[in-house]
Every structure is written in structure tokens, then in C-alpha cells.
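In this document, chain identifiers A, B and C correspond to the written order of the chains, with residue numbering beginning at 1 in each.
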Amino acid sequence: MHLPTLVTLCDFVATFAFALVGARIAAGKGMDFGGIAMVAAVSSISGGTLRNLFLLHQPPWIVNAWLLLPILLGVLLTITFRKVEPVGRFLLALDTFGLAVATASSTQFALNQGVNPVVAVILGLIGGIAGGLFRDLLAQIPPVVLHRETIGTSCLLGSATIVALRECHVQKIIAVLIGGAVVVIFRELSIHFEWNLPRVS
Amino acid sequence: MHLPTLVTLCDFVATFAFALVGARIAAGKGMDFGGIAMVAAVSSISGGTLRNLFLLHQPPWIVNAWLLLPILLGVLLTITFRKVEPVGRFLLALDTFGLAVATASSTQFALNQGVNPVVAVILGLIGGIAGGLFRDLLAQIPPVVLHRETIGTSCLLGSATIVALRECHVQKIIAVLIGGAVVVIFRELSIHFEWNLPRVS
Amino acid sequence: MHLPTLVTLCDFVATFAFALVGARIAAGKGMDFGGIAMVAAVSSISGGTLRNLFLLHQPPWIVNAWLLLPILLGVLLTITFRKVEPVGRFLLALDTFGLAVATASSTQFALNQGVNPVVAVILGLIGGIAGGLFRDLLAQIPPVVLHRETIGTSCLLGSATIVALRECHVQKIIAVLIGGAVVVIFRELSIHFEWNLPRVS
């Protein structure tokens, strides 16, 4: 399989994962089919959309409309199987994979635009978490990423890893793979050991 | 009357309609005059603003500051007549007209930029519904467009109609008029017969 | 001290002020360290980010990554001293200074881009208030700027003053200083005399 094909496949799986989680949460909040589709779409595309707009590029789904297909698939699956129960173990794993792909591709995209390394780390973080943040705001539930779990920390570690490796002239593909693995491993460990960031109060 | 004048007139009436509904909802939530003005502005300009930013254009109200005038008018009317009761039949009709204009002009704008037909349909939808979505998020009420009614469906059908007709080389003005009519008719039918999109649970 | 240095210093203090207020509010809502950092960042950079995107420029923190430093400082201070009590008199004064700087620099930035004077006033307002609005939406509390106080009015008066003075060919630095002073004075007066904008109901 060629590398570009693999990258595109990863992007599609990540988009599908985010859409599926978004659709599930919207369905659980009692939204109608339109609301489910909209929350699914916002969950999966706002990270890349925001990242691209900040760098004065058109959103990914305008550049490549095929990205809308995995969203449609996620919505149809949710509606067809009338899934409303909380996100289970399998879907959580899919979501983590999506997080890794979104973070790695956002960081790499930012580096390609020649931004400052610190900015690339932040844009990688935004690409990873913005979708989930907007999803929760639309569903009017307290955003997971602000209150508990270690989604943001995982993405930040992953994007910082990629930027650091690229600064040390490690090959692009290797840096991205290691960075993505950091996201997955840290996220899985934090779920397993119930790590949480501390609070002030 | 020249066509550009008619188009501008429609845009102004649509902006006014969205501002009036937004101001009314903000007033009903007990916001002060500043909050009313801000919700009115966000209701009427975020659809076009988002559409333009996605296509890397400046927002419509920066390009043509006169668009701020109907917003001011809507705010002044709401404040002067101290309107807080729920949106009535006349205002709902005005809002539907605004929906049709916003959807049609957004779809046409997207097509003019040479985007993929599917993307043009989505941008037409965003132009139609984003204002109402942000309005409800600012007012911190469950967004109408996510939970019930058929606002999104009407806009989607309208923008899909325009794109389909334009793909069949139907004249621009005719495609836009038919698409706008589809929005109005489907929306009025769904209000009259109390159609709602189904839910999962 | 050179003028550019002074301007940069003001920007840093304003960013720090907004970050500190944002971090305090997030901490008070029981968010974890990640949520505190994110709300602090959104509070301090969304005004300038939105203003720049509307004018098709990259966000300020992408152009100058040093702007992320005062945010980090605000977050670290909040976490270290475990501050959760409501914003006090000193922090409120700092916030007012931030408001004046953000409004003045946004208005001036807009004028430099050659936009219509009315649009410059609106962009000055957006630069001043967007951070606080998004902060409250993330914290899921009723946005202060929509419901009470006179933050929006102060910013609007300040940006209108700058635009009016610049239209009368008053020197740039003097217009900005007077406009900033208008924001501070009107805000302080409205806090002291408990002025509020009226409501409809």
C-alpha cells in the first residue's frame, strides 16, 4: 500500500470514529436525525477546519469532499442500530485512534506551513481536541476535555513529541508514527489507571 | 427594479428577520440592551460570516457595512416596543423568508467559488442555519435546529435543489428562485402539519 | 523606551490579565489543570484571533508565539496559589486595562487594513469582548457581556472614539491613548456607580 493511501485511510477512520462518538452522544441527548448528523459532522471536522483556517487554508472537507462520507456512515450506523447507550470500550479505542491521527496530521500540517515549533504543538493539540470540545458545547454537557480525563494532555504530549523529533531531523514518517503512538499509549494508560489531571479546589 | 437591487433588498430583509428573532429571544432571556444587540448581530451574520471564512473571503458585513443597518433596526424595534413574547406567526414567516434567502445566496456564493457540488450543498446549509444555532448557544437554550422542527432539512433540500438545477444547466436566477421556494414550502408544510424528524430513542 | 516596545508590553499585560481572569473562573468551576489552561488561552486570544481571521490574517499567537508566555504565566500563578475565589478589585482593574488595550489595538489594526470606519468600530468591539464571551460559554455560565455590566458599551465607546479621532486626522498614538482612556474611565465609572444597561422586561 502506498503511503498517501495509508494516510488517507487513517484520516477516514479517524473522521468515522469522531462522527460515531458524536452521533452517539447526540442520540443520547434525544436530538432528532438532523441534530445527530450535525453533531457528528462538527465532532469530526471542526479540529481540522479550525487548524486550516488559522493557517489561512480552506477546511479539509472543502478541499476533499470525500471526508464527508465517513461522517454519513457514522450517522447512518447510529440511526439504523438506534444506539443510545454510553460509548463502550470498542468505540473508546476507536476514538483514541482518531485522536492520535488528528493530532499527528495537524502537527505535521502545521510544520509543513513553516510555523514556529511551539505554534505547531498548539495546532496539533487544537486539531486533536477541538472536535470533542465543540461536540460537548453543542450537546450542552460539560466538555469532557475541560473537566476530566487526559485527552488534552495525551494530544499535547503527542504533538510535542512530533515537533521535538522533527527538530532533531528524525524522518517525517517516523516522527509522526512515534507521536501518534505516544497519544494512544498515554491515553490508554490514563484510562486504565484512571489518571486525571489535578484540580485547584 | 434591477436584479442586483432585488438581491440586495432580499439580503437586507433576511438580515432584518434574523436580527428581529434573535433580539426577541435575547430580550425574553432577560439580557440587557447590549446582549440583545449582540445576539441579534450573531443571529443574522454568523451564517454568511462562516461561509465566507471557509472560502477564505472576508465576512459580508466587512465587505458591505450597510448590512449592519437592518440589524440595528431590528434591535431598535425590539427595544422600543419592549417585545418579549414568543415569536409569533408573522415573525415566523419572516424568519422562513430569511432562511430561504440565506440558503439560496450561500449556495450560489459557494458555486461561484467553484467548489464541489456536495460542498456547495453543505455551505448553503451552513449559511442558512449557523445564525440560529449560534443564537441559541449564546442564549444558552437547547438549539432548535438540533432538537426539533425541520429548519435544517428545509435548507438542505433547498440548497440541494439549487445545486442539482445548476448541474443541469438551468439558469442561475431560476435555480435560485426554485431552491428558495423549496425552503419556504417545505418549512411551511412542516410547521402546518407539525412534521418532525424522527429521533433514535 | 521605544514605542513598539511599549505596545508589545501593553499587549503582554493585557493577555496576562485576560488569562488570569479566565484561569480563575475555570478553577472556580472545578475544571482540571488542562481545562484551566484552555479557558485561560481562549479568554486571552480569541478576540485577536477572530479579528485577524475576519481580516484574513493569521491569529496573533501564530505570528508571535511569545504571546503564549503570559498565558502560561497566568495559568501557573492560578495553579500555584490555588486561587478559586471570585475575581477581586485588583484583578478587575487589570481586566479593565486588558479591555482597553485589546479594544484599542483591534480598532487600530482594523483601520490599518483600510476597512470602513463603522467596521473598524465593530472589530474593536469584537477584539475587546470576544475573549470574555467565549470564556463564559466554555465555563457554561451566562455570559457577563450579554447580561449585565457595561463591558461592551465601554469597548464600543472606546473604539468609536479612536475611529472618530482618526477620521479628524488626530495622530495615531494620541487617538489610541484617548480611546483606551475612554474604555477605562467608562468601565470604572460604571463599576463604581453600578451602572447597567437597561433590559426590555
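We adopt the following convention: a contact is a pair of C-beta atoms (placed from the backbone, for glycine too) under 8 Å apart; a residue touches a chain by one contact, two chains touch by 3 or more.
Note that this is a predicted model, so its numbers are computed, not measured.
Enquirer: What pattern do the touching chains form: line, ring, star, complete or other?
Expert: Complete.
Enquirer: Regarding the subunit A and subunit B pair, does the interface count as same (over half of residue numbers shared) or different (under half shared)?
Expert: Different-residue interface.
Enquirer: Rotation angle for the CA superposition of subunit A on subunit C, to the nearest 5°?
Expert: The two chains, subunit A and subunit C, differ by a rotation of 120 degrees.
Enquirer: Once you find the CA centre of subunit A and the CA centre of subunit B, what distance in Å lies between them?
Expert: The answer is 30 Å.
Enquirer: Mind pulling the subunit B residues that touch 2 or more other chains?
Expert: Counting only residues that touch two or more other chains, subunit B contributes 53, 56, 137, 140.
Enquirer: Could you please specify the touching residues of subunit B with respect to subunit C in the complex?
Expert: Touching subunit C: residues 26-28, 30-39, 49, 53, 56-59, 61-62, 65, 68, 78-79, 82-84, 137-138, 140 of subunit B.
Enquirer: Using the touch definition up top, name the residues of subunit A that touch subunit C in the complex.
Expert: For this pair, the touching residues of subunit A are 53-56, 115-116, 118-119, 122-123, 133, 137, 140, 142-143, 145-148, 150, 152-153, 196-201.
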